[in-house]
Amino acid sequence: MQARLGDLATLLAGTLVGNADHLVTRIGPLETADAGTIAFLANPRYQAQLATTGAGCVIVGAAQRDAAAARGACIVCPDPYLAFARLTQWWAAQTRVRPAAGVHRTAVVEPGAWLHPAASIGAMAYVGAGARVEADAVVGPQAHVGADAIVGAGTRLAARVLLGEACRIGERGIVHGGVVIGADGFGFAPAQGHWEKIEQLGSVQIGNDVEIGANTCVDRGALDDTVLEDGVKLDNLVQIGHNVRVGAHSAFAGCVGVAGSARIGRHCTAGGGAIILGHLEIVDHVHISAATVVTRSIHKPGQYSGLFPFDDNAAWEKNAATLRNLHAMRERLRALEKKG
Amino acid sequence: MQARLGDLATLLAGTLVGNADHLVTRIGPLETADAGTIAFLANPRYQAQLATTGAGCVIVGAAQRDAAAARGACIVCPDPYLAFARLTQWWAAQTRVRPAAGVHRTAVVEPGAWLHPAASIGAMAYVGAGARVEADAVVGPQAHVGADAIVGAGTRLAARVLLGEACRIGERGIVHGGVVIGADGFGFAPAQGHWEKIEQLGSVQIGNDVEIGANTCVDRGALDDTVLEDGVKLDNLVQIGHNVRVGAHSAFAGCVGVAGSARIGRHCTAGGGAIILGHLEIVDHVHISAATVVTRSIHKPGQYSGLFPFDDNAAWEKNAATLRNLHAMRERLRALEKKG
Amino acid sequence: MQARLGDLATLLAGTLVGNADHLVTRIGPLETADAGTIAFLANPRYQAQLATTGAGCVIVGAAQRDAAAARGACIVCPDPYLAFARLTQWWAAQTRVRPAAGVHRTAVVEPGAWLHPAASIGAMAYVGAGARVEADAVVGPQAHVGADAIVGAGTRLAARVLLGEACRIGERGIVHGGVVIGADGFGFAPAQGHWEKIEQLGSVQIGNDVEIGANTCVDRGALDDTVLEDGVKLDNLVQIGHNVRVGAHSAFAGCVGVAGSARIGRHCTAGGGAIILGHLEIVDHVHISAATVVTRSIHKPGQYSGLFPFDDNAAWEKNAATLRNLHAMRERLRALEKKG
């Protein structure tokens, strides 16, 4: 794989400063880049790296044009990070082998499933009765599409994905290995010391352009459906409870948990390990910091946080012990204020 | 699927107020219910919804009988939430296809496995030597039953479950996709800068009526066994370390982690993301709030919590910074008190 | 399975006190040990258990020799915990069946894969084109080795492991069920209200003697590779983001999350549920307590903590409410100090 800088500038709709015929063979970070590498600079804070990088070409914004040009070739783009993203997409399209259309001889496709002739069903994959796999969709090796489930056009289920019965994912989605969509939500009625199961009769509805990370779980709804709207991005090991709705273009980092019936707005984000409790509402454009536990609805856009600051163990122990008496401290402070 | 109200009242051992011949075709929430929907009201706080719902019938308690009857048909039950649970069970039994008994032609069953003729082994499932699958048990497509493992009567392993070697699950259990039962516990002895593996020689013993959520892990014991007693319910992405014992009818929400050798009582609950450290004991009827970290044994029933309150980011930052000096604040308060 | 104490003493390079011909049939904990059991005492705090145990033999350190001998046979070793670890390894080697070398008839091995004749490829496993499986390596039933991936000599992938395209694991590794190595890292560029995918072009490089717990995820790098150095141990449900580097012999307990591009030193540990944010650096010999969130780089070895102390719910509520006004409390304290 090699690419002419001139062609890449055209591809990225950027302005090339330097030799259009120079060839690069790799996209790489500034620090380890050599003459065959194209790199990018998105954050002006790292501008100093321009002076030392050996990159054959750097994608930069207009403000970094002169600094970049002083050291060698560059492609100037309005949004260098976005240009980098597009470059990776083009690169992947050139280098990756698309799975062949058709059904692998070892796959099991139940009678009554409908497969577009341009869909690909991998080795030892399973497609249940009544399921639909649309054009250019890929069901990876050992993946599972339950009865009556739908895989939209161009969507890729990686190896060992489980898309449960009657669940639906839209177009151009990417689902990574080990994901479980459509397991039962966690619903029980207490009954004389034991738990009586509430059968989960809903399903999961996933929009277009959704990406779901490895081993993430999205449960089916109890009565209505669990919903991920268009453009939602979930990282690995995320838990989405039953009847949750995640608004369009919201993105959750790894290990986030969202409890049942929470309704998250559009363009929200949650950092790694954040927990959102059930039956609450979060408006659009809310950003939850990592490891924060959201215990009530959020009605105003903005950044929300709640994590215990870490410290060396001795300092933490002292502060944590004091914290257990915080309310008493406040009472003592009040008493002093009254006296004073 | 349609059901007569009269038949449903009989099924739920409730009293029907209204037309016994009215037909419903769906169980649904009060807000979106129409004449063909049967809904329920379990929490008196939501009684106002009775006035506006379009439900063809509502399951209510005695206290809501008049309010419910004023608007249309209702079924009066002593515990409407439990009645709802039982209704979902009946509904699921009517509508879901039971997998056929027998072994799918693509499954691999090792010599020496014992399968009840009324058990179902799905497509591309694996059953190891010496394993036992009892009557009406279901081993889903692509699931795995290790050598010498036992699946009790009526238990369902969903697609892609892994029940490890010599592990046992009792009767009427439900195990969701991606669960791993019987991976090695995390045990190592430090040895001159590296870790020496402690082979995990125990197994996992799971009682009757246990449900385990998607991608949850239950490790095998180091010497003795890890134990989930009867009626335990685990949500998705829960981690149960080696030699843990979870008492009967305890229930843990998503993303809970229980470290090795913890002993949890009966009828306990843990909210999402709670962490229980190892080698500690928790008595019966203890309830751990979401995201709480249990760092020592709990000897008294009750509710326990420990989570940092979240706030808008600016307020949190101020409080968190102050928290790092909390011990010093207490010293200053003491000094003031002495002076005063 | 039975073993002579004399043979075990030789195996463990320890000194036997007692009858060399006594036979044990089981390794067990002191509390439940009988005459046929060999147990160990590693922590002098539990020395009192020696008086009451029924163990046929106890592995002890020199300091416990007399107390142990007073009650029956013992094997004295310099490091009894390490001796116990080695005993479990020997025991497992005697009792466990090694999977047969060769390719199961139901496995799918793509043309161009290279398999050592002494490797074992399990039932319904998948090995992609260009992959390499070295001597004595085991690819478990229903496991998946992607195209161009490498499984080092003696490494065991349990059932249902996914080793992604072009990812590499070294020698003597153990990877438990449900692990996903090489899913895409979580990388997106914001673009006018939606997320533009950054294709993840790196892979995962895993050293020798690495163990990875069930359903853990290790993402592939964006441009360079994600790296786990030799001797790393990861427990279950751990998340390792793209371009993370984990130094040799570091060990992370269950549910730990490490965000992208974090660089962790050697001989570090992290307790269950700890979160390490992205793009930070942690030096060698740093120990992170359970459930602690590391939000900045750590430049000094030691123990670090940051978790909210749990309490009964009423006490916690009072303290948590006060905590939300902590900064204001400090201001009031200052005001009092000035006045005073």
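The letters A, B and C name the chains in turn, as written, and every chain counts its residues from 1.
Heads up, the rule we're going with is that a residue touches a chain if its C-beta (ideal position, glycine included) is under 8 Å from a C-beta of that chain, and two chains touch if they have at least 3 such contacts.
Just so it is clear, the structure is predicted and the values come from calculations on it, not from any experiment.
Visitor: Which category does the touching pattern between chains fall into here: line, ring, star, complete, or other?
Guide: Topology of the interface graph: complete, with all chain pairs in contact.
Visitor: Looking only at residue numbers at the chain A/chain C interface, is the share used by both copies over half or under half? Answer same or different.
Guide: different
Visitor: What whole-Å value do you get for the distance between chain A and chain C if each is reduced to the mean of its CA atoms?
Guide: Computed from C-alpha means, the inter-chain centre distance equals 26 Å.
Visitor: Quick check on chain C: which residues sit in contact with 2+ other chains?
Guide: 106, 124, 142, 160, 178, 215, 237, 255, 273, 307-309, 311, 321, 323, 325-326, 329, 333, 336, 340
Visitor: Under the definition above, what is the set of chain B residues touching chain A in their complex?
Guide: 27-29, 32, 79, 81-82, 84-86, 88-89, 91-92, 97, 104, 106, 123-124, 141-142, 158-160, 174, 176-178, 209, 211, 213-215, 231, 233, 235-237, 249, 251, 253-255, 267, 271-273, 290-291, 307-313, 316-317, 320-321, 323-327, 329-330, 333, 336-337, 340
Visitor: Looking at the complex, which residues from chain C come into contact with chain A?
Guide: Those in contact with chain A are residues 106, 108, 124, 126, 142, 144, 146-147, 160, 162, 164, 178, 180, 183-184, 186-191, 193-201, 215, 217, 219, 222-224, 237, 239, 241, 255, 257, 259, 273, 275, 277, 288-289, 292-295, 302-309, 311, 315, 318-319, 321-323, 325-326, 329, 332-333, 336, 339-340.
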